[in-house]
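Multiple structures follow.
Look for chain A in each of the two complexes below; its partner is chain B in the first and chain C in the second.
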Partner chain A sequence: MDPTTAMYVSQGIHGLAYGMILFLVASGVSLIIGMMHIFNLAHAGFFMLSAYFTYQFVAWTGNFWLALLLAPIATGFCGMLMERFLLRPLRGSGVIGDLILTVGVALCIDALVKVIWGTANKPLSKPPLLQGMVHFAGLDYPYYRLFVIGLAVVVLLIMALLLYKTRIGKIVRAAVSDNDMVNALGINIPLLFTFVFGVGIWLAGVAGAAIAPILSVFPGLALQMGMDAFIVVAVAGFGSLRGAFMVSILFGLMNSYGVQFISQLAPLSMFIFMAIVMIFFPHGFFGESEEE
Partner chain B sequence: MLLEVQNLNTYYVTSHVLQNVSLNVNEGEVVALLGRNGMGKSTTLKSIMGLVKPKSGTVTFQGKNVTGLPPFRVAKAGIAYVPEERRIFPQLSVMDNLEMGIKGGKQSTKEGIWTVERIFNHFPILKERAKQQGRYLSGGEQQMLTIGRALMGNPSLLLVDEPTEGLAPLMVREVRDILENINKDTGVSILLVEHNVKVAMSLANRIYLMGKAHIGFSGSKDELEANPEVRAKYLEV
Partner chain C sequence: MKKAIKWILWIILGIGLILIPKIFGIYYTNFFVSLAIMAVFSQSINIELGYTRILNFGHAMFFGMGGYGAAQALALIPGMPILGAVLCGMLGGGLLALVLSPLVVRVSGMACAMLHVAFNALFFMLAMKLRPLTGGEDGISGFPIPPFNIPGIISIDMTNPLNFYYFAVAVLGISMWLMWYFTKTPFGQIMIGIRDNPKRVNYLGFKVPESRALVYIVGGSFAGVSGSMYALFQNLFSSDATSGLNSFQPVLMTMVGGIGTFIGPIIGSAFFSVVEELARRYTERVELVMGLTLIIVILFAPMGFMGLYRDLKARWGKAPSLPKI
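Let's look at the complex of A and B:
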């Protein structure tokens, strides 16, 4: 492979890896908005919290794999506590109440990580098994980023199996279209909301844990990812997981190639794209035709 | 008495939409709740079901106070709701829609309970469409699916809201007959809100008429038929 082609391929895989991370975060946002109609502005805060948990678990145990398993679970549990004790009492009070609460939680998480871990970057080593580069067709590419893509694919498959092959998945899909009716059929919707909120936050937690060794852990993580994830969900359409996947990959690639070719404009490209999509598709690409 | 509603008062923000509504349904009975649009009939069903929280009054079902309980608890107590807009789950198959009605997710093997097979015997068209998504059913088929889904929870009482609305005349007759069969064959009681007075009168043992937010008349079919003034006051446009 000549160096120019290798560069294109490498940027493409970079974009795919970022797109997958973005999808893990955005799918949680989308699931929560789609079913519970809650704009959880603290979502990216949990993504960041999971990265810090990963750092801490590695510091305590020295085992990255254990941290990758436990950090998202701990983060998902925090999300469930937030839903049960903060969001549930507010249900029915309208979107403004949810927004104010979730902004408050986001600010609390931000303050908390600074108090506990400080403001300096916390570098996290990649696990020994995934250090180094893979060599193929004249291209060198980090093992770890390929692992991140694989991890996201596995999580995506688990989610797809859960949603389409299990009763709980069918209930979640039914509740996305009409949660009052599901409730009236004898299904405990408040409990289901807590579960789904926890799963949504767990997804962000997986992304946070996976990205920690790439970006290192710092308090600004949430801001960058939160903005991107909400843009993905707006462009894809609220509640559309399939749309979130496609748009995440598209944005990952746009981001990656944008940095290469129009580095000055790259950070703006997603916003410009969103603005154009919103003009022609106010509900997003998949907003009204989900779940074929 | 199966269901007893006493002095129910419900508000939508500041609007007093149910004012001291009282009614009852006995075991095995079909009771119709009739009236013009906007009188509070659907809100009465929603208040019983827990979908709208009443401000005062009581709903007693099989001797148990279910007032203001969340809908899933009311459903578990044995009341099923067939909503006005049908509200099937459009992205799920007919089979999945039916299974959504099974409480606890596992069908009991007790005798006399509603199973998918039994539903299909009552609604053969649903068997033909078992794998199709709900969104592709006609209005009448969706109505059958909604009734079937409600029955899957093995209720003692069905709250049925405007089951014939928007249906072709042939389908109206079919849905009417289905409700009659369900009541006669299985003894499930029905509290029916219906704009089609003829259908309601042909099914009901007793009738309540609603004026603006209150019950204005209660009695048998014969009593209502013998009372043209009441009919004119509460039913005629």
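Let's look at the complex of A and C:
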């Protein structure tokens, strides 16, 4: 196989892997906005926290798989605590309170991470099972990235089953479209909010744990991912998981091929794309119009 | 009687501003100047965000235009008066707002906010890359600070921090007063009308997009003034000041102080500056202190300090509480 094809394929796999990670983060943001109308600016902070948890669990136990399981759960639990004790007292007091609170939490996570783990990069090696390349049809694929794509697909399938095939999924979907009505029907909405917030953070946690061995873990992780995730959600439209999925993949591919072909403009391509979309589709591709 | 009290308060404020350098020394005088610059910057965003509900999350662009405008005017044009540089900054901010306004006044809500985030990222990237124009990360520095000159009458050396303090207080005070006056005109009422119910304002025969554009340009111009004062104060303007983070900070200040009130952004920027100064002085964890302070403040005052004040007043049955934005 000639090198050009090899380049296309390997960049495509990088793009897909990043797109999948992006989707895991953005889907949480989208769920939380769609249902609770909260712009969780701390979301990417939790993503980073999970990467650090993964590093810590690996440092303690030496077992990557255990860390991959436990770190997102620990992160999700932190998210639930935040919802229960910080966001719930503020419910009904408007957007501003939520915004400032989540910024405060994001700052705290940033600072705590620096206090506990320092500002240096924390390298995390890939588990031995997933090191190296797969040879297939004359091309090499990095094992770990394929694993990341597979993991994201599995999580996505579980989420889809949960949302569309179970009773709780039905309640969540109903609450996204009208949570007052669901509350009036006797569903414990505050409890549901805590649960959904936890699940959203857990998704970001899975992404953080999965990305930890690819990028080394460092305190600037949150800012980049947070920006990208919010752009995805804005372009896709609030509360639309299908839209978030397509836009994430698109952005992932755009990023990796952009770096290859227009390296000067690559960091800006998402912003330019978003600006064009926002001008012609102010509510995003798949969003419903906001109530004014 | 009430008017007399008001005048006495104004006079006390004036005397206080004059005496600040005498009482606190030069370090705190400079601290106060940067606080005042942030207050004007926050106020200019409050006019857009709080009064008219234009969700501008890219205000650092206009701040940057002001800073680069003033710095380049002083660096390139010999004999540029200092007020001319400030005016150049104001024009720079206003011009950028004029160019962007046809686009941004027609989108509302989240699209407007995200559009600004995108424009801000573009602007920041341009500021980094166009080194001949902006100096990139190093910025423009070392431009001459001319004396404040009224030909034949007076010439005051502006490199002296004490003199610069009085100049800054005058310029920023006048900007603040102009913005206050702007919100008190009949047009100011239309702004609030657009915030609360744009459809109805449109129905009453006012042109909503044009009015929003005007507010946008005024906000941009005053952000330009604060940017140019920042450049003069630091004698340096680098691309850092135009980053998205610098757009977000005045929004936070305005929200913590109380959005949609005139005094809110001033309280907010004072609060932020003081907390940051204290954190820097006594701890090493500025971020942590800021984050915890934000959380604690917002749990007790979800609508900012002015919102808390209004709520307390409303509880005693005197005034309506702050409208929710």
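Here is the rule we use: the second predicted complex is superposed on the first by the 288 of 292 C-alpha atoms of A that agree within 3 Å, B and C clash if a C-alpha of one lies under 4 Å from a C-alpha of the other, contacts with A are read in each partner's own complex, and residues count from 1 in each chain.
Note that in this section contacts are C-beta pairs under 8 Å (C-beta built on N, C-alpha and C of every residue); 3 or more make two chains touch, one makes a residue touch a chain.
Here the structure is a predicted model, which is why all the values come from computation and not from measurement.
Of the two partner chains placed by superposition, only chain B is touched by A:167; chain C is not. In the superposed model, A:183 makes contact with chain B only, not with chain C. By the touch criterion stated above, A:94 is placed in contact with chain C alone, chain B being left untouched. Within the superposed three-chain arrangement, the count of touched residues of chain A is higher for C, of the candidates chain B and chain C.
Shared contact residues of chain A with chain B and chain C: 290, 292.
Residues 49-51, 70-72, 74-76, 80-81, 83, 87, 89-92, 96, 99-101, 103-105, 149-150, 153 of chain B are the ones that touch chain A when the two sit in their complex. Across the complex, chain A meets chain C through its residues 86, 89-90, 93-97, 99-101, 103-112, 114-115, 227, 230-231, 234, 238, 267-268, 271-272, 274-275, 278-279, 282-283, 290, 292. Listing the residues of chain A that touch chain B in their complex gives 167, 170-171, 173-174, 177-178, 180-190, 290-292.
Within the complex, the chain C residues that touch chain A are 103, 107-111, 114-115, 117-119, 121-122, 125, 198-199, 244, 248, 252, 255-256, 259, 285, 287-288, 290-295, 297-299, 302-304, 324-325.
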